[in-house]
Amino acid sequence: MALLNISGLTTVFETATGPVGAVDGASFTLEAGEVLGLVGESGSGKSVSAFSILRLINPPGKIIGGRVEFGGRDLLSLAPREMRAVRGKDISMIFQEPLSSLNPVQTIGAQVMEPLLIHTSIGKRKARDRALAMLYRVGIPDAESRFDVYPHQLSGGLRQRVMIALALVCEPKILIADEPTTALDVTIQAQILALLKDLQSELGMAILLITHDLGVIAEVADRVAVMYAGQIVESAPVQAIFDDTAHPYAAALINSIPDRTRQARRLIAVKGNIPDPRHLPPGCRFAPRCGFAQPSCVTTVQKLTAVDPTHATACMRVQAGELPRPIPTLTPELPHG
Amino acid sequence: MKHSMFGKKLKMRLGGGIVIAVILMAIFAPLLAPHDPYDQDLMSRLIPPFWNAQGDWTYPLGTDNFGRDMLSRLIYGSRLSITVGVAAALLACTMGTILGMWAGYSGGYAETAIMRLADAQLAFPDILLAILIVAAVGGSALNLILVLGLSGWTVYARVMYNMTRSIRERPFVEAAVSHGARSAYIIRQHIFPQLIPVLTVVATLQVAQMILQETALSFLGLGLPPPTATWGNMLAEGRDRMWAAPWISNLSGVAIIILVWGINMLGNGLREHLDPNQRGRQ
Amino acid sequence: MFAFIVRRLLTIPITILLVVFVTFIVLRVTGDPVQIYLDINATPEQTALLRERLHLDEPLIVQFGLFLWDVLRGDFGMSLQFATPALPVVLGRLGATIQLVSVALLFAFVFGVAGGIVAALRKDRLPDFLLSALAVAGQSMPSFWLGILLIQTFALDLKWLPTSGTGSWQHLILPAVTLATFLLPNFILITRTTVLETRSELFLTTARSKGASESSIMFRHLLPNAINPVLSFLGLQMGRLVGGSIITETIFAWPGIGSLMIRSIFQRDVPVVIAAVFIVSIAIVLANLLVDILQSLIDPRMRLD
């Protein structure tokens, strides 16, 4: 039994011309203690999926279907009060922009203490001690004297450490990290990722890491789910995604990584744009951009299906064995030199 | 969505209709008024309006303490309110626009001096300036226009200053500068036309404020001296007869609120037309 | 924080200088000061005495210097109607005005902020339309007529409250409501706007992700961030507040500085008018300073040091 089991999650945004799908029947699982990378272009629905798990979708957004099973309960059918008891205690979240995610008029100490005061009955003194210990643990130097400073007085990297501290201060079982390093300098990115990895093994929590950056996935994730136009198109252990790619979109994403270790492969951005969610292709949503698409791809709805025990893809041509794995690049390899 | 579009149009039509009606009333006052507004008739003092049992259709809206016809005085009173309101807003707008654009475009000492002055004037309320001037030279229509105009320029200066600064950075203005255009030419040809819509909204809403201030000053006795028919004067006269003749103050109050509300509606409708997110902020 | 307050205090002399300058210009340049100060029946001796006292034969710059010196010593001359120094007359009325203004401000702030929050939370629904329409109607309402309507209704018809004057807390209700209504519409509209702007802030999502309740999100996270623009606006409204207070005091015969000022104008008691203008200007500067301090206490980013 997985720690978190998401099935058929569907989230729409109400607009003047009717509801527009952002997440459409996404299913994936998160095992205890693992790091699952949820990867996709912006607009693929990966962040909306993450926010939907904690039911943090604001109107006009709305979750209209699916189940989010955690600890034997469906989070989507909990009463608001029960849901609040889960947030910050069992499942926490950190965000892309640490400055705008922190309350500018509260001291960082107060903000790290808040989850403890909400979820535990320890007094303020003890909460302060634990918050302080957590601030030290996430690598805030001299946290004692920084306890009463405000977010704007810290650097971007330290702010994200504060966010991590307030998310983990109640020692949750799951941390959802929504693009946690995107807004940071490259050197800081590596430090924050290393910190997350450290804390994960130390506290034994699972992490759902949302990112558009396959490089980040390669560094920290155990498993990967690739999202496209609101649907999961491939899910596999991290090594298999790179070595045994089973969906043309995943292959295109991998090809677009600017990576010195794969100089042989030409850097290509994925051609075209993600489809307009109001006018989705009827069959495979990637078909209009796919180099391997056949007429049947355009008309047939594709389903995420296991091709081996740990590896699933939504490409029917791969499922039928018509395409080799890993998916070959369409562009001819450039000669070395 | 559709609902607010309708609201915007309705506001502009309703507000515009009221404003046009009052302006026509002011222009054609001599034709519309059934009596001379200054004609005193001590035999017909304090006659209530027609809906009252003692009402008399000779004076549809009744008479005041001197037997003057309320309807005629209300019609004539619109003249002063409109003239002072519009003239004061125009003066404030012209002054504020020029100073604000100058500060925003040229920067340096002009910027510091103009914007500091605008800040400092906040500490010196309009009404204190009015009180000082009236204490010194007495009340007249021209003094009212000068006092209200001089105190109202800062709004425009701030708006124009901020907008001029942001427009200055845009490519078409930078292109004009690089082609050697003169400052005055750039302001006239490139910057000012961009600012006209905002200016219209601010000025419209300010006319409403100016009229309220004019009536307030008149009410306090700092406007035109009696017997001049102004809505503020009439309200002040009615105040002493609150018990016996409440219609004197209430009719003048209704006249003020209809006109000011109409202008506010028109201004808010225009603003929502320009910027749909704001509502009724002043 | 301390340095911040000191720095703000340093701007006060500049403002005072400006007020004195404007007052001087208006009094000396718009006409013959002797005629402004004295009535038409003044004897030649009185005129000559005043000319000497005002140093009217000196150059303007010297006159300004002497005027400034008098003002700084608190010497505004003798009140013509009370035959005592003008400044104590004005200061004696200060308490009543502060009482009226602070009660009205409290009313307007509490109800305005509450109304603005309700309108924002029910955006584009009935409460929002009602409150917004009410606010625009309120902005169009001449406060002096509102005061008269309140007197007609609650004092003359219902006989619940006294018509005017001072003495008991009942006397304060109608003037305070009149003055509060003068400010209320703008408070509602500005609060509505800032709450709507703050509602989309990400840190509210963070608070929600911690498991905070909706009321805690509103009072601990949203309001402390939305209240500062409302306070800035309050600072900008001080001038209007003074205007409203003068009108309200006049309608209800409230014995404050405002009614004194109007009465002194008609008595041609120029020294009292100047002293009152001066005291009110200082009060506005101090009130703005208070707003600044309050804002920097709420929002640490405002502390400039």
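The letters A, B and C name the chains in turn, as written, and every chain counts its residues from 1.
Throughout what follows, contacts are C-beta pairs under 8 Å (C-beta built on N, C-alpha and C of every residue); 3 or more make two chains touch, one makes a residue touch a chain.
Remember, predicted model here, so these are calculated numbers, not experimental data.
Looking at chain A and chain C, not one chain touches each of them. Chain centres were defined as the mean of their Cα atoms; on that basis the chain farthest from chain A turns out to be B. Chain A and chain C have CA centres that are 54 Å apart. Distance between chain B and chain C, defined via averaged C-alpha coordinates, is recorded as 21 Å.
If you average the CA atoms of chain A and of chain B, the two centres end up 57 Å from each other. Considering their complex, residues 14-15, 18-19, 22-23, 26-27, 30-31, 36, 124, 132, 135-137, 139-145, 148-149, 151-152, 156, 185-186, 189-190, 192-193, 235-236, 238-240, 242-243, 246-247, 250-251, 261-262, 265-266, 268, 270, 273-274, 277, 280-281, 284-285, 288 of chain C touch chain B.
Those residues of chain A whose C-beta lies close enough to touch chain C in the complex are 51, 54, 56, 58, 84-89, 92-93, 95, 97, 100-106, 114-115, 118-119, 150, 152-153, 163, 166-167.
Remark: chain C residues 200-203, 205-213, 216, 220-221, 224-225, 298-301 touch chain A in the complex. Residues 3-4, 120, 122-129, 131-137, 208, 212-213, 215-216, 219-222, 235, 238-239, 242-243, 246, 249-250, 252-253, 256-257, 260-261, 264-265, 268, 278-282 of chain B touch chain C in their complex.
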